[in-house]
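Structures given as C-alpha cells follow.
First chain A sits with chain B, and in the next complex the same chain sits with chain C.
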Partner chain A sequence: MILLVLSSFAVALTLLGFFVSVPLFKRLTILGLSLALLSLLFTWGKPFAFGPYQVDGISQVFTLLALLGALWTVGLVRTRRFEFYLLVLYAALGMHLLASTKNLILMLVALEALSLPLYALATWRRGEGLEAALKYFLLGALAAAFFLYGTALHYGATGSLLAGTPGEGPLYALALGLLMVGLGFKVALAPFHFWTPDVYQGSPTPVVLFMATGVKAAAFAALLRVVSPGAPEALSLLIALSVLIGNLAALAQKEAKRLLAYSSIAHAGYMALALYTGNLQALGFYLLTYVLATGLAFAVLSEVSPDRVPLDHLKGLFHRDPLLGLALFVAALSLLGLPPLGGFWGKYLVFTEAARVGQWGLLVLALLTSVVSAYYYLALGLSVFQKGEAVAAPRPLARGIALLAALALLFLGFLPGIVLPALAQGG
Partner chain B sequence: MSYLYASALLFALGVYGVLTRRTAILVFLSIELMLNAANLSLVGFARAFGLEGQVAALMVIAIAAAEVAVGLGLIVAIFRHRESTAVDDLSELRG
Partner chain C sequence: MVVLAILLPILFGLLLLLGLPRALGVLGAGLSLLLNLYLFLTHPGGVAHGVQAPLLPGAGVYWAFGLDGLSALFFLTIGLSVLLGALVAKVEGRFLGLALLMSGLLLGLFAARDLLVFYLFFEAALIPALLMLFFYGGEGRIRAIYTLLLFTLAGSLPMLAAILAVKALGGSPTFLLEDLLAHPVGGNAAFWVFLGFALAFAVKTPLFPVHAWLPLFHQENHPSGLADALGTLYKVGVFAFFRFAIPLAPEGFAELQGLLLFLAAISALYGAWVAFSAKDFKTLLAYAGVSHMGVAALGVFSGTPEGALGGLYLLAASGVYTGGLFLLAGRLYERLHTLEIGRFRGLAESAPGLSALALFLFLAMVGLPGLSGFPGELMTLLGAYKASPWLTALAFLSVIAGAAYALTAFQKVFWEGGQRGTEDLKGAEWPFAFLAVAALVLMGVFPGFFVKGLEPLAEAFAKILGGGA
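After this line comes the complex of A and B, so read on.
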C-alpha cells in the first residue's frame, strides 16, 4: 500500500511537474508523503508480503523514520524548481523499498533508487556542492560495487539471493564482509566514513537533514537484515572505530555541519552496537530519538544559513530568536543523552543491552566516548546563549516543526514507555 | 572455477584503479569494472544454481546504466565549473 502510494505519486508528479506551479507541486509532494505515512500508521503491526517485497515490523519502523525525514526536508526547503521535491519523493520510495526486502538484488536496486536522487540533490548548490556531490557519488558507487560483489559471492556460497540465508566457509564470510562494507559506507560507520564530513559540509542543509535521517534509517534496516542471524564479530571492530573516530574528530571542529557529521558517525557506532546486541527495540528507539534530534539541529542550522555555519555564527541566536536557540540547545542535549530528553533513554537502552549480552569492552568504550562527546555537544548547545550577532529569519512553518520536534524529544524523555511497545511489535 | 578467478582478478583490478587513478572519469570506469566483475561471477554461479543469477546480472546492467547517466552528468557539470576532472583538485572541503 505504501509502495503503491509512493510510486504512483512519484510517477504522476513527474508528468505533472511540467504543468503545475511549484508551490502547488510542493503541496502535492507533501500530500503524497503524508498519505504514505498515514497508510503506514493505519497498517501498523500488520505484515504484508508480495513476492520479494515484504512489509514487516522492521520495515514499518524504519520506513516511518525515513518518511519523517523526507517530509521534514520538503517542508524546510526553499527552491523554485520542482525537481527538488520530486527527487526527495523518489529517494523516499527507494528507502521504503530498501527497508522492505530480503532479496539482495532488490536491495541493490533500492540502494541505487535512494542514492541516485541524493547525488543529484547534493549538487543543488554549485561550486562546493559539486565537489561534495562528486565525492558522494564516487564513494557511493564504490559502495554499491562492493555490495554487489558481496551479493554475487553470497549467491555462490549459499545458492540463494536472500539475505540471512545461513552458510559457512570462507566464501560466505567474505560475502558478508563485502555486504557490510557496502552498507557501512551508507550508514557512515568508520572506517568507511571519509565522505561524511565533506558531503555534509558541502551539501545544502535540508539535503543533509535527509541524508542524516532517512538514508541512515533505511541503510540500517538493510544492515539489520544482512547480519540478522547473529551479527559477525567484525562488526564490533567497526563499532569501536566509529565511536572513537566520530567523537574524537568532532572535538576539533569549528563548523556546525562538520561537527554534526562526525557526531552522526559516532551515533552510527552506537546504533550498530544496538544492532550487535540484537535488540531491535533499542535500535528502533535510538534511531527515533536520533532522527528527531539531528533533524532538529539541521533544521535550525538551515534557518540560520543554507551554507556553512561556523560555530561563531550561532552566538546570540537565543537572544535573536529564543525558540530556535532553545531548539538547538535541546537537540544538542538529546544527542549527548542528558536525562530529561529522549536521547538519554536511547543510550540507556543500548548500554543496558550491551551489558546484558556481556559486551563489556565495547560498553566501556561507548560510555567513555559518550562522556568525551559532552565537550562538543555542550559547546554547540551553549553557543546560542553567548553574546553575538547571529542572524536568522525563520518562517512560521519551520518554527512550528522545530517546536514540535523539540516537544517530541521532551515527551520521549518523560514517557518513553508509550512508544516502546509499538517499536517492540516492530521487532 | 576459472570464471570465479577471472572475476576476482577483474574486481581486484577495479579496486586498484579506484585507488590509483587521479581522474574522476577513470575512477568511475574502474568502478564499472568492479560491477562487471560481479556480473561475471553472478553468471558463473548461475551455472550451478539456476537462472536466478543470470536475471540478477541483467538487473545489474540496468542499474549500472542509470548510474552512468547520473555520474557522467555530474562529471560534466564539474568539468564545466572548473575545467578539470582531476580528483586531487577537489580539496576545498577539509578540516
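After this line comes the complex of A and C, so read on.
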C-alpha cells in the first residue's frame, strides 16, 4: 500500500514535473508523502507480505521515521527546481524498501535506490559541496560493493539470501562483517564515518537533515535485520570507536553542522547498543527522539543560514526569535539525554539493552562519553542565549514545525509509555 | 495532594517565566509553603498520600510519589526557604520563576518513590540551576556552569548505570522503592553498584574532594542569594545516601564505610579551614556548607539511628539557615554593593535589626543550643562517636572552628570599628526576619516535633545495616 502510493506518486510526478509550477509540485510531493504516512498509520500493526517485500513491525517503525524526515526536508527547503522534491520522493521510496525486506539482493537494490538520489542532492549547491559529494559518492559505491560481496559470501555460507539466517564458520563471520561495513557506512558508524563531517558541512542543510534522519533510520532497519540478535564481536569495536571518535572530535568543532555530524556518529554508536538484543522498541524509540531532536537542530540551523553556521553566528538567536532559540536549546538537551526530555528515555532504553546482554564495558564507555558530550551540546544550546547578532528570518511554517517537534520531545520525556506499546505492537 | 504540592510551584514558575509579575511568585511561594505545612502537620506517619501511575510499565517505571516523615520535613524546609527568598530577593519575575520551577522539581525529588523518577527529578533540577547561573550569574559564570554540569553528570551517569544494575542484578520487577528494597544487591556487584551511587551523591553532598563545583557556583551566582538558597537545597547527597544508596546496596556500603567516614570528617575540617580564611561572604558560606554537610554525612555514614537522624535534621536545618545567610548576604550587597567581608564595618550601629537577624542566623549555623543547628549536630556527633571516635573528634574540631569563622565574620561586619552607615530592615525584610527567626527557634527548641516522623525511618535504616554499630 505504502509502496504503491510512493511509487505511483514518484512516477507520476516525474512526468508532471515538466508541466506544473514548482510550488504546486512541492504541494503534490507533500501530498504523496502524507498519503504514504496515512496509509502507514492506518495499517499499523498489520503485517503484509508480497514475495520478498514484507511490511512488518521493523518496516513500519523505520518507514515512519524516514517519512517524517522526508516531509520535514521537503517542508524546509527553498528551491526553485522541482527535481529536489522528486529526488527526495525517490529516496523515501528506497528507504521504505530497504526497511521492508529480508532479502539481501533486494536490500542492495533499495540501498542504491536511496543512495543515488542522495548523491545528487548532496551536490545541490555546486562549489564547495562538490568535493564532499564526490567523497560521498566514491565511498558510498565502495560500501555498496562491500555489501554485495557480503551478500555473495552469505549465500555461500548459509545457502540463503535471507538476512538473519543462522550460520557459523569463518565464511559466515566474514559475510556478516562485510554486510556490516556496507550498512555501517550509511549510518555513519566509525571507522566508516570519514565522509560525514565533510558532507554535512558542505551539503545544503535540509539535505543534511534528510541524511541524518531518514537515511539513518532506514539503514538501521537493515542493520537490525542483518546483525541481530547474536551480533558479531566486531560490533563492540565499532560502537566503542563511534562513541569515542564522535564525542571527542565534536568537542573541537566551531561550526554547528560539523558538530552535529560528529554528534550523529556518536549517536549511531549509542543506537547500535540495541542491536545486541535486536529490541525494536528500544532502537525505535531512540531513533524517534533522535530524529526529532537532530531534525529540530538542523531545521533551526537552516532558518539561520542554508550554508555554514559557525557557533558564533547562533549567539543572540534567542533574543532575535525566542521560539527558534528555545527549540535549539531543547534539541541540544535532548541529544545530550538530559531528563525530562525524550532523549533521556532513548538512552535509558538502549543502555538497558546493553546491560541485559552484559556489555558492561561498553555501557561504562557510553556513559562516560555522554558526560563528555555535555560540553559541546551545552556550548551549542547555550550559545543562543548569549549576546550576539544572530540573523534569522524564519517562515511561519518552519516555526510551527519547530514548536511541534520541541513539544513532542517534552511530551516523550514525560510520557514515554504512551508511544512504546505502539512501537512494540509493530514488532 | 503530593502531586498538587509538586505542581503548584512548577505552575507558578512557568507563569512567571511567561512574564507575569513578580508578586504572583511571592503568592505562589506562600501558597506552596502553606500546602507543605498542611501536609507536614497532618502527616499520619508511614508513607502517606501515595500515588502511582504507569510511566514505562513495561520497564517497571512508575510515576510514584509518597510522603514519609522525611519527605514531609523537607517539604516544609523547601517551602520555607523559597518563600524567604521570594520575599526579599529583589530579582525580576523570570528569575523567581526559575527558582519556583526548581523548588517544584526538588519537591518531586524528595517525594519520589521510584528510583528512576528520583533520577529524573535529580537531573531535571539541574536545568533551572544552570539557567539561573547563565542568565543572572557574574563574569566567570560560563566556567562555573561547565564545572557544575560536568561534576554533576560525571556523578549521575555512573549512577544511571548503577540504577540499571540494581534492578537487573537484584531481580526486582520494578523500580519502585518498595520492590527494590525487597531485592537488595549482594555480593561483589554490590560494591560497584554502591560506588556508582556514591559518586553521584558525593558530588551533591558535597564531599571532599568532589566539592570543587560549589564555591564557583556560589561565587558566580546572582548577588541576591536566591539562586544560592536554591543551590543549598539542591545539596541532596546526604538525603540520597540515606534513602537510596545505602539501603539498596548495604554490602557495598559496608566495604566503603571507612573511606566515606574519613572523607566526611575531612570535608568537615577542610571546609571549616577554608571558610576561616575566606575573603568574601559567599565563599565563606560555600565552605561553611561543605563543612556542615561533612558533619551531616558523618552521621549518616555512621549507620547508627542517632547519627542518621541527626545528619538528616542538620541537612534540613541548614537548608533554612544557610539559605537565609545567602539571602542576607544579598541584602548587604544591595545596600553596600560588595560582598567582601573586610569592606563592611560596624553595621550594627545603624542597622540593629539587620544585625540581630544576622546574629540569629550565624548562631544557628554555629550550633548554639536553642537554635536549629544544635540538635542535628549533637545527635550526629553522638551517633558518629559510636562508629568512629577518632574521626568524630576530628569532625568536632570543625564545630569549634565553625564558631571561630562565623563569629569572626559577624564581628567584623557588624561590630568592629570604622562605622559604616546603612539602612535597617525595611519592607518585606521584616516578615523575612520574623519567619526566619521563628523557624530557627522552633526547630531548635522543639526538635522532637520535627523528627517524630524520622525516627522509625532511622531505626529501619540502622536495622538494614545490622542493628546499628
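Definition applied: the second predicted complex is superposed on the first by the 425 of 427 C-alpha atoms of A that agree within 3 Å, B and C clash if a C-alpha of one lies under 4 Å from a C-alpha of the other, contacts with A are read in each partner's own complex, and residues count from 1 in each chain.
Going forward, contacts are C-beta pairs under 8 Å (C-beta built on N, C-alpha and C of every residue); 3 or more make two chains touch, one makes a residue touch a chain.
Everything numeric in this text was worked out from a predicted model, so none of it was measured.
In the superposition on chain A, A:Gly202 contacts chain B only, with no contact to chain C. When the shared chain is aligned, chain B comes close enough to touch A:Leu142, but chain C does not.
Once the two complexes are laid over each other on the shared chain, residue contacts for A:Pro322 go to neither chain B nor chain C. Contacts of A:Pro23 after superposition: neither chain B nor chain C is touched. Once the two complexes are overlaid on the shared chain, A:Gly400 sits clear of chain B and of chain C alike. Applying the stated contact rule after C-alpha superposition, one finds that A:Leu367 touches chain C and leaves chain B untouched.
Within the superposed three-chain model, A:Trp345 lies in touch with chain C and out of touch with chain B [touch as defined at top]. Touch criterion met: A:Leu382 reaches chain C, while chain B stays clear of it. More residues of chain A are touched by B (comparison of chain B with chain C).
Touching of chain A by both chain B and chain C, each in its own complex, is seen for no residue at all. Interface residues of chain C facing chain A in the complex, by the touch rule stated above, are 54-59, 61, 116, 119-121, 123-124, 126-127, 134-135, 145-146, 149-150, 153-154, 157-158, 160-161, 164-165, 168. Residues of chain B touching chain A in their complex: 4, 7, 11, 14, 18, 24, 27-28, 31, 34-35, 37-39, 41-42, 44-45, 48-49, 52-53, 56, 59-60, 63, 66-67, 70-71, 74-75, 77-78, 81, 87, 90, 92-95.
Against chain B, in their complex, chain A makes its touches with residues 105, 108-109, 112, 116, 119-120, 123, 126-128, 130-135, 137-138, 141-142, 144-146, 148-149, 151-153, 155-156, 159, 161, 197-198, 201-202, 253-255, 258.
Those residues of chain A that touch chain C in the shared complex are 281, 333, 338-340, 344-345, 348-349, 351-352, 355-356, 363-364, 367-368, 370-371, 374-375, 378, 382, 385, 415-417, 420-421, 424.
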